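Scrolling down, you'll hit the structures one after another.
In the two complexes below, chain A is the common chain; its partner is chain B in one and chain C in the other.
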Partner chain A sequence: MNKLLVIDDDSAIRKSFMLTFENSGFKIETASSGMEGIEMAKASGYNIIFIDLKMPGMNGIETLDSIRRFNKDVIIYIFTAFHKEFLLELQEAAARELKFEIVHKPLYSEQLLELVQNALLKNI
Partner chain B sequence: MNDDHNAILFRLYIIKQAPSASETILKLKSFLDSNFKNSYTLDVIDILAYPEKAIMDNIMASPTLIKVKPHPQKRVVGGIHFSRLLADLNLSNYVVN
Partner chain C sequence: MLTMKHLMRMFKFKRHPDRKKITEDFASVQLKLNDLETLNSTLEAELSNQRIKISQLKESEERFRMLAESSPNAILLTDDHNQIKMINHQAEMLLGYDRSELVGSSIDVLIPSRFRNKHKKHSKMYFNDPQARIMGHGRDLSALHKSGNEIPVEIGLTPLFSQGQLIVLITIVDITERKKHEERLRQQNEELLRSSYELEKRTSQLIQSEKMSALGTLVAGVAHELNNPLTGILHYSQYLKKNRVDDQKYNEIIDDIILEAKRCEEIVKNLLQYAYPHEDSRKNRINEDTLREILEGTCQLFILKNNEIKFLVSIDHHFQDFYFNINKLKQITANLIKNAVDAVETCPKKEIMIRVSSNKHQCNMVIEDTGIGIDQENLHRIFDPFYTTKEVGKGTGLGLSITRKIIEDDGGSINLSSQVGKGTTIHLIFPLIQEEKTIKIYEQTTGNRR
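And then the complex of A and B:
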């Protein structure tokens, strides 16, 4: 079974993921901080990890950077609003060759399911 | 076959600095060349550099490929699967043999 990890300090977002993927054939686990998410990613294999860009403490890019040190292959989506002030940080991360994709926040359940299904079938 | 081949327009929203971006673009261009010859246009847009364009096109995630024309507009989000791309974008009747 494909496993997803959601790292977000917002409990409403974590709950919405749980509801979206309930009975979908995906196993979903959540973490409320970057540190917790990193430990979970070290301990278990995930097919996709979603990380919120803006989190207290360790932010999304720091979390991404840490996970990439021990896992180069997992698909990682960064949750963000499409505002230049946020995307500038992500441009810097991309320039450092950190591998990630981005997803707009908020996202509807149907869009999220389609995204995950397509990402896992990805062939380019 | 449809006569309006010159009107095939694609937009690819991608993170251009991503490690795999160049390969993605090359593979997509190769696929489009082999199916549509010179009768298409592909605009590649870096989401991180042009977020306003992404917002105008209601982009939800990277990568997203949109068939802008011919209508109706179609899109694939999160992964491009060549084996089913023509069907996903409703373009099977536009292939140039």
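And then the complex of A and C:
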């Protein structure tokens, strides 16, 4: 079964993901901080990881950076409402060829499902 | 002169027989002679008196002429029929005539034709009550030069009585230089006023833009914070909808929650757009077909909602392509057309005209509606963020301020005029940036933003 990891400090987002992917054939796990997410990513393999950009402690880009050090292939989505204040860091990350995509919040359940299915299809 | 001796001699030659009669005649003649002598001496005295007077008069005339000739101002004398009696050298110089040409002619030749009738009236009034005064006080006077040019002048009138006749001493001062100086001063003053106005405007714009940027930061923060709970609400309600129970009321409420959450989402999107309108700065080439598609497409959407509204889209056949981000262009036109639609909705006449034309430098778009209009009081606030006259739920009050920001950031402009009860007209100007080079550089510096 495909496994997704959601790293977001906001429980509403984590819960939303859980509900959206309930009975969808995907297994959802969540982490409430960058640090926790990195540990989980190290411990088991995921097909897709969603990372919130703006988090207390490690932000999304730092978390992305850490995960990419041990996993170059997993599909990573940076999940954000807006990215102006992280623009430079995002550009820098892209310049260092850290692989990631950006998804804008808010996302409807159907869009989210569609996104995940398409991403996995492409990756096969 | 006739003397007594001469008379005696005359009478001696014609002796009369009657000596007594002769003696008597002689005595009476002598008496008459005395009278004549007296008369003669009176006449002689009178004559010499007159001679003195004449020489005095000549002297006084000479003095007057010297005075007139030495005056730095042009001087004319006229009689009470406005006929020129005398002019001085300065007047010849100023007016371009020789004195022989002017003396004897009417003062009219020196008055520009458009003033002649008025002058006739004024001069009649003057002769009714002649006083020393400045002519045409407070008005700009001009004298007509022989060449036909007009000279700005100041004229003084002094009535004089000479030998029981009224004559008028006219002094003319050429104020060309003074006028030039005044004009320079006026221009400088205007310039000063303009720049002080400009400064004031800039200052207020600066204050405004500082306020706006502070507001933008605040708005972005709030919008960002709102996005997470909003995502939660959307997902929870969509989950409930997906796993619906058979209770119609319950389902309606869920639909409402989704609807309201989407509305919040729209507001947040607008707020973010307001705070960061530069998200997408790529420019697209907008040609006639693209523009027509955007405009007609937008109108079509509104027709679906309200088919009573008449839309008219016309693009001038001299249309020139311009560069603008296509999504922003869609947003701007949709915003403005939506405003127009809202404005005509309650009016009997529901017409929205969109006309596009271009010239060498710019593309002009005019969006005109026959709607309710905006009163003058509110017109200047219309671009303020959060300002709206629409009922709750119809607008965020951000549409026009975002529109203006987008257009102005890309070198265009938006202006609005309105009349209550008649409608509103919006003028948009998009600059034509035709050099591909500019676009490429523009994309290179900003292209990697997404």
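The definition used in the following text is that the second predicted complex is superposed on the first by the 119 of 124 C-alpha atoms of A that agree within 3 Å, B and C clash if a C-alpha of one lies under 4 Å from a C-alpha of the other, contacts with A are read in each partner's own complex, and residues count from 1 in each chain.
Everything below uses one rule, namely that a contact is a pair of C-beta atoms (placed from the backbone, for glycine too) under 8 Å apart; a residue touches a chain by one contact, two chains touch by 3 or more.
Given the structure is predicted, the values throughout are model-derived calculations rather than measurements.
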item	value
Contact breadth on chain A, by residue count: chain C or chain B	B
Touched partner set for A:91, first chain B, second chain C, both or neither	both
Which superposed partner A:116 touches (first chain B, second chain C, both, neither)	first
Chain B versus chain C as contact partner of A:67, first or second or both or neither	neither
Touching partner for A:107 - first (chain B), second (chain C), both, neither	both
Touching partner for A:99 - first (chain B), second (chain C), both, neither	first
Touching partner for A:77 - first (chain B), second (chain C), both, neither	first
Shared chain A surface residues [contacts with chain B and with chain C]	82, 84, 87, 91, 94, 102, 107
Parts of chain A lying in touch with chain C, wherever the complex brings them together	10, 12-13, 15-17, 19-20, 22, 54, 81-82, 84, 87, 91, 94, 102, 105-110
Chain A-facing residues of chain B, complex	15-20, 23-24, 27-28, 47-49, 51, 54-55, 59-63, 76-83
Chain C residues within the chain A interface of the complex	220, 223-224, 227-232, 234-236, 238-239, 242, 265, 268, 272, 275-276, 279, 448-450
Touching residues on chain A, where the partner in the complex is chain B	77, 82-84, 87, 90-91, 94-95, 97, 99-104, 107, 111, 114-124
